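Both of the next two complexes hold chain A, though its partner changes from chain B to chain C.
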Partner chain A sequence: MLSKRWKVILACFILALLLILVPLLLNDRYLHLLIVIACNIILALSIRLIFLAGELNVGHAAFMGIGAYTSALMATRLGLSFWLCLPTAAIVAALVATVIGFLALRAKIKGWYFAILTLAFAEAFRLIVTLWKGLTGGATGVLDVPAPYIHIPGLPVVDFGPKLNYYYLALALVSLTWVVMSRLEHSRFGLTLTAVRKSDVLSESVAINTIKYKVIAFAIGCAFAGIVGSFLAHYYYYVSPYEYTLHQTLYMLLYALFGGIGSLAGPVFGATILTLLPEFLRIAREYEPAVFGFILIITIWLLPDGLVGLRKYMNKVLVRV
Partner chain B sequence: MPLLATRNLTKHFGGLSAVQGLDLDIDSGQMVGLIGPNGAGKTTVFNMISGFLSPTKGQILFKGKDITGLPPNRIAEKGLVRTFQLTTLFTDLTVLQNVLIGCHSQARIGLWQDLFHTASVLKRERKVESKAMAALEFTGLSEFKSELAGNLPHGRQRSLSLAIALAVEPQMLLLDEPVTGMNAHETELFMGRLERLKEKGVTILLIEHNMLAAMSYCDRMVVLNYGQKIAEGAPAEIRQNEEVIKAYLGSGEVH
Partner chain C sequence: MELVPQIIVNGLVSGVVYVLIALGITLAFSILRVINFAHGEFYMLGAYIAYYFSVELGLNYWAAFPLAVLAGGLLGAAVDQVLLRRVGRELLKTLILTLGLMLILQSAATFFFGTQEKAIPSPISGVLRSTYLTIPKEKLVIVLICIALITGLLVLVRWTKMGRAMRAVTQDRDAALIQGVNVEGVFAVAFAISCGLAAAAGALMATVLPIGPFMGSVPLLKGLTIIILGGMGSIPGAVVGGLILGETESFITFYANPLASQLVFFVLIILILFVRPRGLFGVE
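And then the complex of A and B:
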């Protein structure tokens, strides 16, 4: 019999092999779907990190937009490489989040008020990019964002025309997100975030700087939103203000809630299933928001711990049987 | 120089003056009781000293340095740690996790080390955990370390509050009615622990309703009524003090 540790390692290895090899057999339509799933997983995991610090970011899509515009403008106006644009997008999104988070939390804006503030920020962002035509191209957006490529002297150029290469990039980003999130959660930092979420009064009385921890979580979460924004800008070759709305944020929240916000696996399942679902509901496209709304209600009503909670519930039922 | 001093400490809530011109001097190594009838302003004094409320007027000095208006976490960092009147715990975390959170200030290395899980992190976590266990040992909770804090009986929850505060490595403790709701045996155990802390050099200021417990353990007592200090001195003197008797009995309340 294998020990539990080896079982986990073996399972991870097989999963990695599948994720790397199976896409070789898929056509562009399915590759596109996998890429979107990867992006949605990153978004759901990053919005969850902020939630772990006890705050709700209703402006997550706007931070994705900040990353997208940063990256698109750097690439089109300054002609900079994607590999420089991507980290810069993350840093800019994180910096904006740090400033907003710090100012808001220091003024004791938290809980529902913080959520409303981020909502207002997202609307302000949308209006600014729509109206500041000189910089952002207004409602048209930024077009012809170049695809990334890898050119190492002596080796053939890797071009990101084929979807398969984008897929591997998305896979790398989602793996990075997973590793960072799980490391953070299972470290002292994660324990401190839990403390801050459960009781900021008790946390402060044991010398925890609650504002600092909330701001750090907010900034890291928004940095990952910025990464997705940058990636998608180059993947779709354009950015426009209509991609980064409240609607998008609500979907991210739904992914996290439906899967279960209590664990890292939850948002991954949630994002995967709910990204695939509309593909099977193609005929009912115009009803999609209604279907998602219904799912949200059912989740909150019957599955407060999400899909991941369902397993625990099933275990209980099975034990009773 | 007193370890903790307040000068003309005053707090108004609108028209109500909860605390009025309070001068406190707490010397290092003492156990001092802050007593007074309901609504005398005791908890307000605590909230101001620990940074949860900013005073309307006056100054708070800890180790000779002005700490007035500092945020609570900065004050705790300086070694002045409080507990709460209503038991405040992380109820759905384990007893050990509660105390580990209390070890926060000794556990900080940095986000990057946490992210890369370096050897120094592991070493730190081991050190912190043994410190947390020592705090649990001291408060008699080590056998309940894996229990959820919310499942402990009331008396043990109060002890856990103390263990969390001890994890911060305080030089001075502010305890807000620590033995409320404990039975006589638990109270005795708890006060015995405070005595031992005092011997280790921890200064203690505690709010107490239970006059008997306060009288038998405290070196000095300060009596508040309507936000003002009406008496101060050794327990024996307080017992004889006319003002105090009037404040407690004259109000129609017997404690």
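And then the complex of A and C:
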């Protein structure tokens, strides 16, 4: 018998092998789906982190938009490389989040007020982007965002024309997100966040700087949203203000909640299943929101801990039987 | 400058409708401690129900209007008792539930009526004209009905037994329960009134604006701006805030453009939250 530790390592190894090898056999349509799933997983994990700090970011899509516009403008106007644009997009999103989060939380804006503030910020962002035609191209957006490429002297140029290369990039980004999130969660930082969420008054009484922890969680969450924004801008070759709406944020929340926010695996399952669902059910595009709305309500109603919670519940029932 | 009275009157018309929407949001917030993010969809629903009865079934508009209000109110009570009660009206869960409801109602409207915009022919025609002012009679009627509804709500809250129970629950839920107030009943009635007011606003505006499945998002955001401006949970705040917003919007739309006036609102929300989070009339 293998010890538990070795079993986990083996399982991870097999999973990694599958994730690397299987896509070699897939056609573009499925590769595209996998890429979208990867992005949604990152978004769900990052919105969950902010959730863990006890605040709801209703403007998560706007931070994705900030990343997308930063990256797209840097690449098209300044001609900079994608590998410079991506981290900058993350940093800019995180900086904006830090400023907003710090000012808001210091002014005791939390709970409903924080939700409304982020909603207002997201709508303001969308309108500014639409109105500021000189910089952002207005409603048309930024077109012809170049695809990334890797050029190491002495080696052939890796061009990101084929979807497979994008897939590996997305896989790398998901892995990065997973590692960062799980390291955060299992550190002192994660424990402190839980304390802050459960009661910020009590946390303050044991000398935890609640504002600091909330702002850091908010900034890190938004940085990952910025990364996805930047990635998608280069993947779709354009950005426009219509991509970063309240609906987008709702979907991210749904992925996280449906899977269950109690664990890291929850948002991963949630994002994967719910991204595949409309694809396989072949729901007409205009009724997709209704299906998602129903899932959202039923999740909150019947599965307060999401899918992951369902397994625990089933275990309990089976034990009783 | 001779246009100024006209701009003021236009602002008043949209202002009183905003007051109706904001009063609904503020009522639900002060009594149930929830913000209904599907509030704008009840507005949309009111418009569609009025459209369905008056245009598709050929009823008189004045018969369709109360039906729309009633339907909005009943659905509101059902949403509160079936959905919100179940999750204990907890902040995050309520927010997510009502956001889900928003998606469903928007899709339902698309399903039944399509994305093409509908219109209700105005039940009243004719224009009042003076030197500086032209007021379509229908807008005058909208203002009068809104004022009647607002007064009705104020009377209800101030002078009836139900109103007293509402104020008691707002002050202290548990103390009210101990005194024998049917708290769940108050919640249901308050949420029904809140949604009914939104439906009324929608049904009224349907006679002057096009009806579409996504018409609710703008009123929701305006309602939120108003209650943040006036103070969350404050009735006078909602009334004054609504009128200020209506006038400001009317002037900015006239001198700049509608998108700019929307942007001003969001910036306003953000600024008020930072500078004076309790709003003009809020207490805390």
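Assume the second predicted complex is superposed on the first by the 320 of 321 C-alpha atoms of A that agree within 3 Å, B and C clash if a C-alpha of one lies under 4 Å from a C-alpha of the other, contacts with A are read in each partner's own complex, and residues count from 1 in each chain.
To be clear about the criterion, a residue touches a chain if its C-beta (ideal position, glycine included) is under 8 Å from a C-beta of that chain, and two chains touch if they have at least 3 such contacts.
Source: prediction; values computed, not measured.
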item	value
Which of chain B and chain C A:Arg311 touches, first, second, both or neither	neither
Partner chain(s) touched by A:Glu204 [first = chain B, second = chain C, both, neither]	first
Contacts of A:Val180 with chain B and chain C, given as first, second, both or neither	first
Of chain B and chain C, the chain that contacts the larger number of chain A residues	C
Partner chain in contact with A:Ala107 - chain B first, chain C second, else both or neither	second
Which of chain B and chain C A:Arg188 touches, first, second, both or neither	first
Which of chain B and chain C A:Lys133 touches, first, second, both or neither	neither
First, second, both or neither for A:His151, with chain B first and chain C second	neither
Where chain A meets both chain C and chain B, residue numbers	none
Chain A partner contacts - residues on chain B that touch it in the complex	50-52, 71-74, 76-77, 81-84, 88-90, 92-93, 97, 100-102, 104-105, 107-109, 111, 114-117, 121, 125, 164-165, 167-168
Partner chain B, residues of chain A touching it in the complex	180, 183-184, 187-189, 191-192, 194-195, 198-199, 201-210, 216
For the chain C and chain A complex, residues of the former touching the latter	29, 35, 83, 86-87, 91-93, 95-97, 99-104, 106-108, 110-111, 115, 217, 221, 224-225, 228, 232, 259-260, 262-263, 266-267, 269-270, 273-274, 277
Chain A to chain C touching residues, read off their complex	51, 56, 103-104, 107-109, 111-113, 115-117, 119-121, 123-124, 127-128, 130-131, 246-247, 250, 253-254, 257, 286-290, 292-297, 300-301, 304
